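Could you have a look at this structure, given as structure tokens, before my questions?
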Amino acid sequence: MEKKVEYNTTELMACAASKILEDGKSVFVGTGLPIIASALAQKTHAPNLLIVFEAGGVGPRIPMLPISVGDSRTFYKAAMATSMDYIMSTAQLGYMDYGFLGAAQIDMYGNINTTVIGSHDRPKARLPGSGGANDGGSLCWKTIILMGQDTRRFVEKVDFLTTPGYLTGPGAREKVGLPAGTGPYRVVTQLGIMGFDDKSKRMKLLSVHPGVTLEQVRANTGFDLIIPEKVTVTKPPTEKELKILRTEIDPAGMVIGKS
Amino acid sequence: MDVLEEGKGELLAWHDPDEHRNWILENKSRSLEDKRMGLKEAVDKFVQDDNYIAMGGFGHIRVSMASIYEMIRQRKQNLIMAGKTAVHDIDILIASGCVNRVEVAYSFGHELRGLSPASRRAVEEGTVKVLAEISNAGFQWRFKAAAMGLPFIPTRVMLGTDTFKYSSAKVVKDPFSGKPICLLPACYPDVVFIHVHRCDKFGNCQIDGIMIEDFELARAARRLVVTTEEIIDEERIRNAPWRTVIPFYLVDAVVEVPYGSHPGNMPYLYYSDEEHMAEWLKLSRSPEGVKQYLENYVYGVKNFEEYLELIGGVKKLNYLKQVEQLRAPLKAPWAER
Amino acid sequence: MDVLEEGKGELLAWHDPDEHRNWILENKSRSLEDKRMGLKEAVDKFVQDDNYIAMGGFGHIRVSMASIYEMIRQRKQNLIMAGKTAVHDIDILIASGCVNRVEVAYSFGHELRGLSPASRRAVEEGTVKVLAEISNAGFQWRFKAAAMGLPFIPTRVMLGTDTFKYSSAKVVKDPFSGKPICLLPACYPDVVFIHVHRCDKFGNCQIDGIMIEDFELARAARRLVVTTEEIIDEERIRNAPWRTVIPFYLVDAVVEVPYGSHPGNMPYLYYSDEEHMAEWLKLSRSPEGVKQYLENYVYGVKNFEEYLELIGGVKKLNYLKQVEQLRAPLKAPWAER
Amino acid sequence: MEKKVEYNTTELMACAASKILEDGKSVFVGTGLPIIASALAQKTHAPNLLIVFEAGGVGPRIPMLPISVGDSRTFYKAAMATSMDYIMSTAQLGYMDYGFLGAAQIDMYGNINTTVIGSHDRPKARLPGSGGANDGGSLCWKTIILMGQDTRRFVEKVDFLTTPGYLTGPGAREKVGLPAGTGPYRVVTQLGIMGFDDKSKRMKLLSVHPGVTLEQVRANTGFDLIIPEKVTVTKPPTEKELKILRTEIDPAGMVIGKS
């Protein structure tokens, strides 16, 4: 009776990220995949998920995929259309449960680079910079990172530490004055889902996506990833989830079409 | 106040609060005066070469793009720009040579559309310098410190990162909690342009939808040019004074520019023109393409109205209104594979 | 961070930001939930003896007076109050014995009407203690620091005065300007009541007219009870989301109390009842008069609706509406010689 | 041809204070007499005077005398109805030219007490406290004080320094960190108008009201007031001013009726 469900990597990542979000919590979202994952969560297991955009949108009924975290779709029929100061302030106050981040590079402590590849003053590649990433990564309780996994991106040392993960390890965030009890929570890539070890704060594999081997994960990680004895397989997207993604959330395929 | 750590980014657009107060005393009018003028005049009068400029709005949302095109047309030089989620605005200002230094929270990218070829190229080639890094909240709060007439404002972001190291912020020990805290210096830009839904001729402004950083940025600005979709009668302002988000006494010029945010999004009025954005993103892959774009859409037209004809005139503008109101599907050529 | 000078006022309603974040995490819901309840229940549930309380509004403007009367009726004890331009509210809370400690910006006075006999008597007799002094801006900014999740916010007021010496603020040397600057500690009141023009059942609120300190106070509050002139449909909120000044996730209870600001002024709806104020100011000259007032208007009635009947019912309320709309002259017996 | 114009002291003070205000400037006003003086200025020589209330009203068309600086009359048909934070912030930024203050006690440097008579902890008389006075007196460019003059109020040392004047003399405001170039500008009482000596920052008599002698001024001042050789006589209210006060600004006599 089981039917083979076809999906691409972006769809898989969207579904996996979506499942991390709990109902009744708040999420601080960025452009693209984070919005898609959050909208999917709202339409499936987390109808009372509060979606918040850094530019001021609070709890919108997103009618179509926004191109920017500030565009008119991010506060369509919202509970409140306010300011960046307001959103960042309530994040600093502790009201934001989840934050989504993207990354060009990440290290074993979840430190993130979105600023520059190479040196800052003579960059090999200049990237957009922090944007709201440093803020989300500093202030939200749990941050979820969505990115591609390979040895150029999962690195021993990021070229530029744009957004704080656990910095140099346990206690380091608190020591520099970042809000206590916060930090990276999950990393979702095309290969699997990673978490962080409670004690060492080092990145740890939690599940591999269907068909992915541990060897592939290791080969695409430039640092010593903790691989526990028990690694599960990520639940693949369901037909229902894919239908919602493809017909309601991103019918034009602006994000999920690109995989 | 013991400084635990100090960012090495250049301290830009900061003034001692007393020095800034004196400037305000001498340069800003508290009178209800008719401040209407043309865009050409406003840009000519208030933007000086070497100025630190900041744009209201966010990315391509409610940005005074008409002012950007006018700055390019007037070939302003050596501007420093606040890259406070700057997208199309900073990209064409860099591509045209107006801006050569940036303080970066988010720049050189086009959000969901990908990176910005022209401005990335300029940074990688060294023709544009990044003088300081900061985060989005960091910029918002630099403006907030300025809006309050303070030298700095504390925050719990940026700590422990290279974003801090390349910023102009400082870390001190908070005397109340005993924990380290980051102090962001105020940012008082020389000139700010804010595009609004409506205002009266004195500059009392209303904005529909999110304020983004403009509530603070308007106060942080030394010179503030307001471009507006329409100028309305003073009585409409006074009948709902809680809708005023920028009061007249902050405003130096009022310029009526319908569709002034094109090719960006003006909430409730028109969505962003993704066909035009795609054209720019494609052309700007090469210096020749940049030149072609600027000749065609900026230098080759006398003013913003001629530009609007060129990008598709009434038909295009009606279509963008329909997209905004969810009555037409969005065409986004950059998303096509 | 070297402290140059330290106020000796008691540091009230301050929390380490991390401790407060944990409290928020554990105690505040982010869900859209129906939060409607009766006033009796809301006051019973959220006001604990010894709490630090603060009222939205200003003086006698848009203050949730119905909540004040209910606290008195429930004989709450040992409350500490934010005297952030507190007028009639603090006067009757002190007179009734609910409040015995105050942090004072403006208290014990009735603005243009003169001083408040009952609460002045209490302070002069020593039954009420002033734990700290502060200024109006100081209070506003204590709430702002809290609204931002910060331990403190800098300011240039209070410097060089006894107001500072009796406050909980500190003076440090600003590392940017090198000048002394005052740091105001955040103030996170245990309970805040804010009266609004309208909100939905989840607590998304709209206010017409000035915001006073409520934009920040709502975020500074641990528990926030909103009393409202009317509860409106959620769709009205969502059709103009920029009108929302308090979002639902800050709100713990929504209580519909028409005329809830009486005898104060609710902008655009009804003016203050100066006949009632005059009666109070006359009676409160003696402890017996205070007792008589409370028996009559508070303990002697079951709820706020019965109180409204007693102060003059529909006829009085219609008159106050006419005064507010400038259609009837104001009767202010306290102004008569 | 000259007709004797009858007026009371409050009316005289309102008119005298009104004349201090310049057109095209801004004024941060308190309850009562300051509103009356500002409204009178607007209706006479300063039509473009910007009246601002600390609770949030900016540039209202005041229809009748407000009872509070926050009541609905303070933002009636205003240019903006905003917040205390906004007003105080723009005052801190340097946008407020004049500030009006009342006082229970004042000293020779214009330091003001509105908090307590006697000791703070065991007061003889408890007064309302700073309110917005400390803020106005710290942040506005020029403050104007309206108060009664006698030896209990014009004192050698205020019982409590609520609002800063020139503190201990020249340079003292700047030394403690108050905005440079600010301070008390005029003191208007029932006897005359005082200013402050540029060099010593001590209070100096500028004019006496009609019929008031220098001896009366001295007898009602508890400190050494500078009395220059040239002291003018305050211009009395004109009929036109009195008519505006009595019929337009305070027809019920809530403030000017009480003298």
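Going by the order they are written in, the chains are A, B, C and D; count residues from 1 in each one.
Assume a residue touches a chain if its C-beta (ideal position, glycine included) is under 8 Å from a C-beta of that chain, and two chains touch if they have at least 3 such contacts.
Every value quoted in this text rests on a predicted model; they were computed, and no experiment measured them.
> Which chains lie in contact with each of chain A and chain D?
Touching chain A as well as chain D, we find B, C.
> When the contacting C-beta pairs are counted for B-D and for C-D, which pair yields the higher total?
Contact tally favours C-D.
> Between chain A and chain C, what is the separation of their C-alpha centroids in Å?
Going by mean C-alpha positions, chain A sits 41 Å from chain C.
> Taking each chain's centre as its mean C-alpha position, how far apart are chain B and chain C in Å?
Computed from C-alpha means, the inter-chain centre distance equals 38 Å.
> Whole-Å distance, chain C centre to chain D centre, using C-alpha means?
Spacing between the chain centres: roughly 28 Å.
> Could you pull out the residues of chain B that touch at least 2 other chains?
17-18, 149-150, 155-156, 174, 179, 181, 209-211, 241-242, in rising order.
> On chain A, where are the residues touching two or more other chains?
75, 81-82, 91-92, 139, 179
> Looking at which chains touch, is this a line, ring, star, complete or other?
Contact map by chain: other.
> Once the touch criterion is applied, which pairs of chains come out as touching?
A-B, A-C, B-C, B-D, C-D
> Flag every residue of chain C that touches chain B in the complex, lowest number first.
It is residues 1-3, 14, 16-18, 149-156, 170, 172-177, 179, 181, 183, 185, 207-211, 241-242 of chain C that touch chain B.
> Residues of chain B touching chain A in their complex?
Chain B reaches chain A through residues 57-61, 83, 85, 87, 104-109, 111-113, 115, 120, 123-124, 126, 130, 133-138, 140-141, 144, 155-163, 166, 171, 174, 179-182, 209-216, 265, 267-268, 271-272, 274, 324, 326, 329-330, 332, 335, 337.
> For a test of understanding, state which residues of chain B touch chain D in their complex under the given definition.
Listed in rising order, the residues are 17-18, 20-25, 28-32, 147-150, 202, 204, 219, 237-239, 241-242, 244, 247-249.
> Could you pull out which chain A residues touch chain B in their complex?
Listed in rising order, the residues of chain A that touch chain B are 31-32, 54-57, 63-72, 74-75, 81-85, 88, 91-92, 115, 120, 122-135, 138-139, 160-164, 167, 172-173, 175-179, 252-255, 257-258.
> What does chain A use to touch chain C in their complex?
Against chain C, chain A makes touches at 24-26, 48, 50, 58-61, 75, 77-82, 89-95, 97, 139, 141, 179-181.
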